[in-house]
Amino acid sequence: MNALTRFFARLEGPQTIGRGPGFWIGFLVVLTGACLYPQFSDGYTVGNTVYFFTWVFMALGLSLIWGYGGALSFGQTAFFGIAGYSYGILTINFGAAYGFTLVAVVLAVAIAALFAVLLGYFLFFGRISGVFLGIVTLSVTLVLERFMAQTAGPEWRIGSARLNGFNGMSNMPPLTIPWPGGDIVLFPDVQLYYVVLGLLVLVYLLLRILVNSSFGNVLVAIRENPERAEMLGYDIRKYQLGAFVIGAALAGLSGVLYTTWGQYITPSSMGMTAAALPIVWVAVGGRSDITSTLIGTLVVLSAFQALTIHGSQYALVVMGILLVLTVLIAPRGLILSGASRIGRLFGKRGDA
Amino acid sequence: ADPIKLGVLEDQSGDFAAATIGKVHAIQLAAEEINKAGGIDGRPLELVIYDTQSDNTRYQEFMRRVLQRDKVDAVFAGFSSASREAYRPIVNQFDGLAFYNNQYEGGVCDANMIVTGAVPEQQFSTLIPWMMEKYGKKVYTLAADYNFGQISAEWVRNIVKENGGEMVGEDFIPLGVSQFSQNIQNIQKAKPDFVVTLLVGTAQASYYEQAAAASVNLPMASSVNVGQGYEHKRFKPPSLKDMYVTTNYIEEIDTPASKAFFAKFKAKFPDEPYVNQEAENSYLAVYLYKQMVERAKSTKRDDLRKEIAKGDVCMDAPEGKVCLDPKSQHMSHTIYLAKVGADHSITFPKVWEDIKPYWLGEAGCDLTKSDPSAQYTPSNPPPKP
Amino acid sequence: MALLEARALNKHFGGLHVTNNVDLALEPGEIHCLIGPNGAGKSTLFRLILGEHQPSSGQILFGGEDITALKSYKRIRRGMSVKFQVPGIFKALSVRQNLEIAMQQHYPPAALHAEIDRLLDFLKLEGEAKQLAGNLSHGQKQWLEIGMAVSLKPRLLLLDEPTAGMSPDETRATGDMIQRLNADGMTVLAVEHDMAFVRQVAHKVTVLHLGQVFAQGTIDEIVADERVAAIYLGQSTPSTDAPEAAHA
Amino acid sequence: MDVGTLAFSALYQFGDAFAFLVLSACGLAVIFGMMGVINLAHGEFIMCGAYVTVSVAHTGLPLPLAIACGAIVSAMVGALVELIVIRHLYERPLDTIVATWGLSLIATQGTLILLGSTMAGVGTPFGSFQMGGYSYSLYRLVLFFMALAVLAGLYALFNWTRFGVMARATIQVPHMAAALGVDTRLVYSLTFALGAGLAGLTGGLYAPTMTLVPTMGTTFIMEAFVTVVVGGADVFLGTAPAAAVLAVVKSVMTSWQGQLFGQIGLLVTVIIVIRVLPKGISGFLLRERA
Amino acid sequence: MRKEVLLSTLGLRAGYGGKPVLQGLDLTVREGEIVAVIGRNGVGKSTLMKSLIGLVPVMDGSVIYRGEAVEHLPAHKRARLGVGYVPQGRDVFPRLTVAENIAVGAMLKRAVTQADRDRVLDYFPILRERWGQRAGTMSGGQQQQLAIGRVLIADPALILLDEPSEGIQPNIVQDIARIMVELNRTTGVTIVLVEQNIDMIRAMAQRCYVMDKGRIVAELDRDGLADGAAMRRHLAV
């Protein structure tokens, strides 16, 4: 009982913004809004929102690794791609019956996490840090991209799944929930929306607990001063590896959800531009706080899409200007800076 | 009357923009002409245009948007094959109709797709034998290392073999590579009679300048260059000297229909750097759509496909007469052999009329009977019934 | 048995022989001060003990166990902790968080915050608990780091110039604290240049010079040693200048 | 084919790869190595240099002068960018990733809007020479020697001049450098402008050999970052050996198995080198020296 | 005859992030004086020194140097007016060699002769011995000596010393005090000294300000300095 309340007490803490009844009432209001809104909206908007949600997991994972742990991984898209392809290969070979797509999600995320264990062991136990870490992870994802791009030939197949090179892999089934009287196929519409929203809330709350736990404390300590953290008796490599694997699993989850959303995965999802995007989302929101990351990612994604829709060829220029201005005006990230400004407005102290 | 809505998803920025902005302009030109002439059965055309920024994920976002939110009647979409594969599942899911107005590696057998671009059998079965006749039987292929390049290279290999020639080398170049010293040396070592260049994207186009600077001086043959990337306009002569290209359209084609099209294009878009084959494919696709809708008196995909099945959806395009093949929903083309001179002027040593996109149909794709929604290649043909 | 034993420790940096066959033994429960000229190798010896540097040759034993090849964090877990010469704190975290990170390993969650409050009080940093550690004054940073080191409840506390930048009163307070901890059983090895402090706390003093053990004994023996005066203490020893300190 | 020809062609390929790596990296090495700014707009400074060079050459000025113009204009743009944006970010270098990525979007798309999707080239000067049955572009040798000259010049600048020492001091402890009388803002501006100018020089040098499109900078980016990072923190100790190692790997892998393996080989080398030397080559050299 | 005032502050308020640490501080230093500033940890001594050289923004009040208000001049301009600063915590350039660190210090002087260099290296022989060593690998006390030498090379007219004895072995502390006094006598250099080491203050200072909570709360003259009990009272917690 005591342990359980302490567990939930970790929902708040110095590592996350937002505390007290005010925040949680706001949280519930937003959550309720998110639950109700499909009833008042059209299929496109809902499907598009799911699309935005799918990326958020990767951003949250990067926030954990980079914002909290101080290790800038430039290669989260490697896990995204691995999980996406794994889902494709598994479901193309074994189909969608008996809820296998759900098993495939778990397996695909596990494969990404396993790859992260190997890579992370190599990186952190080799004491690679700073920008070196960024370039090595980027190199890994680019190697995967280059390799996958040239697998167009029929010899590149796993079972009945063609890797299909740069054109990408398609024809995998969407998520399918077995149901008496006909499986429920989760096309990007209301059903998939609730599934992904549920996952998102779960991941968000668990991450809040994680970063406010002693694990989170140590992670932040490593970011601030790894030597000191080690001199307090922590094996910093294990903590970094732990965060890296969790972050990779979340990137993998994004990859799987993205793949099921569009029934398509491509090598360019592991390319240079794709690799840079999560960094931008996380940095714009405020990398050292998961709430800021979550909101920031959604804001950036929808703002950039809206710009592209309405801005014609000026869209990219405006995006660029917005990014530069954000960095200049909101040093700690748009959301984090905004939150602390609001916090100050209401006379609260020590927010964030 | 209610407008007919056409979605247009093309790359107006990013890597591919140089070859694809003209496609948007061509569609705008055709729509304007059609609307001036009273629309399609009295219904005006309304274009819903999004910039896909050379980014596959944008194709996914916007294909969903045009089909689900904008509820367009047909979509004109895609340059790279990857972008087409990215949006194809979505078109299938919503049972939409998409025109892919681009030359490509071929093989898409999908009832939701109509392809107006040229395919390898049209470009290589003409080009390669002609080149072997003129220059000799030793061939070297330099190709982009992805689906388009690999599959096209496979076509070249097969045709060279069928014609009693010899492949003396093949080099595959990852997309984005711009440095070719090693390949230039490989080619010199292999001593081919000519080089087939299947290089894609602006970075890879740097090959020509670098080969010229090293005095490679070999004739070249291509299905993409000049017709798509107008390298002969972008590079200083004579780096593209003796480049032979089979294309269904380029702005230099000297027929009345072509000159009229080119003049209209330039009148509306005077700054257009070049009117390439994809621009013409896009232009004719709008008219093709008009014809089908007028004949079917409907914009429903099934009604349109009934017209296609009749096998007589044909039109006089700027390139000449073109027809839609009911089995594959691909297009027959007039194929021009363009030769680049030392001063980068274009001549046309040969023209082949009415070259059919025969391969898919012969291999077993028949959309009038079934819709596998798949892409096939010579080494991965449709399953035999 | 000695708690810490260094046997013939050598460390080279390129051509520089920084510690030269150092033998040092610390009895459990003693306060041992390490003094010596700048560059004598004192901080380097600390880093060797902590495993930040690997010795070129020699052996380190802790509680009888050979720890020469052990990773740093394992040595800490065996019961060491350290305050560095240059403050090593978590600058962008609050003072409270700094202590929390150090103490969460040693106190149950329920008791943790009360313990932190106690320690803050003790360090006279209660007013700065929410302040970012990087914004503390130099002296306050020293206090914080000493607090972090002490809070690990080590068997062996390593202090590299704990009173640098402190006023005489604060130096004395630090000395008092160390004596109290020592009375509770903590063994201390401290590097200091402040002779008043050394005189206050040291049971035993080792002088390091040019990487070698130069002299060893009680503070009075050392102060009386003319060779030490020549290389280190100078003409007027502080002990004569500030006699009050010793009796405070 | 005789041994001499083989050796020459191997050397030529190595030199070609080396020049590309060094010239891609040098501007970035100054900006990242000296200032800690992760400049994702590096490629766009290269593009800027190339565009200016070609535009100037089209007016009839000789190519070397045109290249100098390209470098100078890029340097000026760099100084401006430093003043408006980068200056405010020295305290938080990671944020420069986002800011310079934004700048890169602005530059690429702005160029597309203003100057169209491509620009006509100028052609490669100097022609070719024959060696054992192969013909080679003479200009590639010029590029190689320019790479060596840039390395030598940078080494001299940063180690033998007041500016070099001031710049390095400023980057390490800016407030202390200021307290010792160094005008740190000026030093930052000049350093950034130098890096941008070097990128512009690279663009100018490669402009005659490449297609000119707004996105052309991206072809340099990966090589640039990889070289700088394998080199490690010390620009001058690091860049040259890193480029040498990577050029060997790249040219050998490319000639053996093609460009794909050249690229993958490059990336795998990075992963291995950094695993073995976690602080890059210069980190390793300096540790040994210490 | 009293010497000219070289440096003074008037109602100086300065601090970090909008919060003043110095709460209206007044002090006066005359040319050729050695003035000490003492006070407990955290009262704002280092903040004072930083606001004198220009590393902390002045919010209110003024800093007057040679009769001119300099509070809005950036640090490098004040340095060029002859102000030298030895910070608490040394702040040497870690990846520059000793020689290069000295060279940065010498930047202000148009021509640094070998004699200038020798003078400084004679004060701190270890610097000559380690001329090519990277400063970051020097021991703490060695770095402190470098930080002092780095400032002396430029012959400043005013030296701000923030706890110079920290980390330095006792006999060199005595040497430094001696060197400073000698420099003060021979060149007339003015020195503001923040110190906790009473021996050093007594050996050097002619006058002493006592700081508390961002203000000057007392001033001791030579006699006050000699009074050990008074000193300790002011430094008491």
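The first chain written gets the first letter, and so on, giving A, B, C, D and E; residue counts start at 1 in each chain.
Note that a residue touches a chain if its C-beta (ideal position, glycine included) is under 8 Å from a C-beta of that chain, and two chains touch if they have at least 3 such contacts.
Note that this is a predicted model, so its numbers are computed, not measured.
The fewest steps needed to get from chain B to chain C, moving only between touching chains, is 2. Listed by label, the chains touching chain B and chain D alike are A.
Using the mean of the Cα atoms as each chain's centre, the chain most removed from chain A is E.
With every chain reduced to the mean of its CA atoms, the largest distance from chain D is reached by C.
A separation of 75 Å divides the Cα centre of chain B from that of chain E.
Centre-to-centre separation between chain A and chain E, using Cα means, comes to 51 Å.
Our note on geometry: chain A versus chain B, Cα centroid distance of 37 Å, whole angstroms. As a whole-number value, the distance joining the C-alpha centres of chain C and chain E reads 28 Å. Within chain D, residues 108-109, 112, 218, 260, 263, 290 each touch two or more of the remaining chains.
Counting partners per residue, chain A has 146, 150, 313, 316 as the residues that reach two or more other chains. Taken residue by residue, chain C touches two or more other chains at 13, whereas all remaining positions touch fewer. Interface residues of chain B, counted against chain A in their complex, comprise 12-13, 49-51, 53, 55-58, 60-62, 64-65, 68-69, 81-82, 84-86, 88-90, 93, 145-147, 150-151, 172, 174-175, 373-375, 377, 379-380. Contacts from chain A toward chain C in the complex involve residues 2, 6, 14, 214, 217-218, 220-221, 224-225, 227-236, 349-350. Those residues of chain A lying in contact with chain D across their complex are 72, 122-123, 126-129, 131-132, 135-136, 138-140, 142-143, 146-147, 150, 272, 276, 279-280, 283-284, 313-314, 316-317, 319-324, 326-328, 331.
Remark: chain D residues 32, 38, 40, 85, 88-89, 92, 94-99, 101-110, 112-113, 218, 221-222, 225-226, 229, 260, 263-264, 267-268, 270-271, 274-275, 278-280 touch chain A in the complex. Residues of chain B that touch chain D in their complex: 13-15, 17-18, 21, 145, 171-174, 176-179, 181-183, 185-186, 188-189, 202-203, 205-206, 209-210, 212-216, 231, 233-237, 239, 271, 273.
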